[in-house]
Amino acid sequence: MGQITLNQITKSFGDVQVIPPLDLQINDGEFVVFVGPSGCGKSTLLRLIAGLEDTTSGEINIDGRDATEVPPAKRGLAMVFQSYALYPHMSVRKNIAFPLRMAGLDKAAQDAKVEAAAKVLNLTDYLERRPGQLSGGQRQRVAIGRAIVREPAAFLFDEPLSNLDAALRVNMRLEISELHQSLETTMIYVTHDQVEAMTMADKIVVLQAGVIEQVGSPLDLYHTPKNKFVAGFIGSPKMNFLMGGYAAEFDATTIGVRPEHLSVSATEGKWQGKVGVSEHLGSDTFLYVDIEGLDEPLTVRSSGEVALRHGDIVHLTPDPEKIHRFDNQGLRMA
Amino acid sequence: MATQHSRSAARIMMAPAVILLLGWMLIPLTMTLVFSFKRYLPLRGGDLGWTGFDNYVRFVSSSAFWPSVQTTLIIVGGVLIITIFFGVLLSMLLDQPMWGQGIVRILVIAPFFVMPTVSALVWKNMFMDPVNGLFAHLWKAFGAQPIEWLSDLSLFSIILIVSWQWLPFATLILLTAIQSLDSEQLEAAEMDGAPPLSRFAFIVLPHLSRAITIVVLIQTIFLLAIFAEIFVTTSGAFGTRTLTYLIFQRVLESQNVGLGSAGGVYAIILANIVAIFLMRIVGKNLDT
Amino acid sequence: MARSVTTRRKTINTAVAWAIGFLIFFPILWTILTSFKTEAQAINDPPLFLFFDWTLENYAVVQERSDYMRFLWNSVIIAGGSTVLGLMIAIPAAWSMAFVPSKRTKDILMWMLSTKMLPAVGVLYPIYLLFIQLGLLDTRTGLTIVMMLINLPIIVWMLYTYFKEIPGEILEAARMDGASLKEEILYILTPMAIPGIASTMLLNFILAWNEAFWTLNLTAAKAAPLTAFIASYSSPEGLFYAKLSAASTMAIAPILILGWFSQKQLVRGLTFGAVK
């Protein structure tokens, strides 16, 4: 079981309130990702759930039990830290066994669990090494192994992939997703990378300045962002925003169009512009098109190769079904 | 950043150290303050009642007071000048490329680890003894009359001994500081056409200023309190009675605790003035 | 980038540095050499440097005085005991300051440092009196406590600077893994900080070993350590140079060796981290 309910929790450091009253429901077995720009309070929120920070007010409920005052070790949660936080003076085996040792398990039971976890994580050959002798990905797996053996109610991940290089990050992302599918345990994952959020989450929680902007499935957020912030944060490349006359035409203060929802034509279209930079990725082409009256160029994503270059005149047409309208508060209009 | 739980744990774990040091500081300090306002002669009647500021006045007006302050300042000042001057030279020399740098370092640092009583005794007997000391042999070899170091040149001799003990400390700290100097700065200055002496004056010395300040302050604290060197060599005779030694004599030799305590309060005030400066510097460093 | 220099320049550097190093080390060397001479050779005119009849007799004599071993033993107990005791009190305190810093942490650290600056002579008599009252005068216990107290600020400071280099996340991981505070300090922090703790121990052992004010004033016959033993030679004893040298050598040799190992930490410890 791993159901976590946050009830009107707040957190202040001194006079600064970093998290205003916040409610959140995390269901058993869910993969929840907290995402937001740095300083949005997502790590603080995770640490509140872990018990590494005190809540200033409000209640944290784990599996129907009030855990607000319960020390971290007694909450039945396991955490994987950004720096992995492996114990450098212990072998991999001892690292993974440490929570079991603290729980007072006998040696044989410790060994059995460590071996099992090592097998799942492909660490069997490295059990006698020290963390210092492992690669980044292996260290990450040891940290996960240390979490798995505790059989926690929920796993907490604090930006676990940010210290890995790009290729490894994709691998570990898959491994964590697979782990979630096989364990079916609740996982709470903090990241600033919306790609990680989109690819891994059952439920994404978008945070800004300690406030939850929106909670929903990845595709919910993609298709119906509640406000401009979520619209701009989710999706890559970023959504284009147009204001003034361009928006007025649609009875909105601002309209948003995703780069993949703009079609390009050399001859006719709704908006005319000039190609600034074009990026050719092979599978896709990104065009940055300067349009009169707009401060920033519009980003266009076309699949395949597009033979357009700097200075070419193009015409862009948005898919009318896929235009997002926002009012003067930045909120989504129906 | 931490939880209430760990904060209260932290307070509990800090308590023994804080309470012990608080006791160590406050109890004797209070007693010293109380004694300083009393006529207190343990061997001649014990506690003879309050005397107001009598002890303070007597301590300052005694014929031994000003000479002892003077002696203290001469020793502290002399040792500081010698150790810093030679410390800078030596640390710059040790920073140069050479063979066996590690061994030279070990040789240079060694005196710091010699206990003060041993170094005082070795210098007193084996070097400065006017009959059998090595210096006496050396002087005789050149046909000169051996010097009575500890009676004729007593202050100089003490400064020499103490400087020998503290030169390693100054050198080691200055060397550490020099090694942290970015050599590109020196190369840039060289490119700009600065000759070696200007490079030293405008780049090396300013870089060392902080380390020098720290050496001055830390050594001052220890030097104000030097005791064993005087105790072993001259026992305060021949004009080597420092403030510390004078207080020691008042308290333990003439058993005038009230008078000695008043002197102790003066010494504490003196040390505090130095301490305030040191704390400023160390405190600043904490933030970085 | 270190610049290459001419061999000539390097040779001159080496010669000058070795000469100065030798000069500074000479009093110690001379003491060690003299300890191997007979008393007559020790005061021979002209002085004998290497060509004399090397003898271990002085060491045997000093050793034979049964009390030498007792002084040595007192030194070891007092320096070692005060260091261990100090660490036991300082490790939790340094943990608190390094990992649970509050607004007052810096003030407390500075205040601790300030107690170190209290001139000992100012409080000599009160301590003397307290020692008589508590029956601590001329006891190893009493001296161990005093040594611990005068070095405690340095121990706390050194440990604090070492602990601060350990990432807090590792301790949090231990906390999540179910370690109690005691287990966290015992199984995670202490093993990780072993190098720092070792150099702190070393430096404090040296400082306590060489401390001469309190050891001279608070001990008589029973608890006197080597500082006091050596001081008893201060009366004119020209005829006993060789034995004095042997005793001195035995008093400083262990600490000299320890000191050479800890010279780097010395800078850090004695400047309270202000010079690294």
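Chains here go by letter, A, B and C, matching the order in which they are written, and residues are numbered from 1 within each.
Just so we're on the same page, contacts are C-beta pairs under 8 Å (C-beta built on N, C-alpha and C of every residue); 3 or more make two chains touch, one makes a residue touch a chain.
According to UniProt, the chain labels map to these proteins: C = Carbohydrate ABC transporter permease.
Keep in mind the model is a prediction, meaning the values are calculated, not measured.
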Longest centre-to-centre distance from subunit B, chain (CA-based): A
Middle chain, criterion being Cα centroid separation: C
CA centroid of subunit A to CA centroid of subunit C, Å: 54
Distance between the centres, which are taken as Cα means, of subunit B and subunit A, whole angstrom: 59
Length of the line joining the C-alpha centres of subunit B and subunit C, rounded to whole Å: 16
For subunit B, residues that touch 2 or more chains besides their own: 2
Touching two or more other chains - residue numbers and ranges from subunit A: 52, 71
Of all residues in subunit C, those that touch subunit A in their complex: 167, 169-170, 172-180, 183, 187-188, 191-192, 194
In the complex with subunit B, residue positions of subunit C that touch it: 1-3, 5, 10, 13-14, 16-18, 20-22, 24-25, 27-28, 30-31, 34, 43, 45-47, 89-90, 92-93, 95-97, 99-100, 102, 106, 108-130, 149, 152-153, 156, 181, 206, 209-210, 212-213, 216-217, 226-228, 230-231, 233-234, 237-238, 241, 244-245, 248, 251-252, 255-256, 258-260, 263, 266-267, 270-276
For the subunit A and subunit C complex, residues of the former touching the latter: 50, 52, 71-73, 77-79, 81-83, 85-89, 98-99, 102-103, 146, 150
Touching residues on subunit B, where the partner in the complex is subunit C: 2, 6-7, 9-11, 13-14, 16-18, 20-21, 24-25, 27-29, 31-32, 35, 90, 93-94, 96-101, 103-127, 129, 131-132, 134, 137, 140-141, 164, 167-169, 172-173, 176-177, 180, 183-184, 210-211, 214, 218, 221, 224-225, 227-228, 231-233, 244, 247-248, 251-252, 257, 260-261, 264-265, 267-268, 270-272, 274-275, 278-279, 281-283, 285-286
Residue ranges of subunit A in contact with subunit B within the complex: 13, 51-54, 71
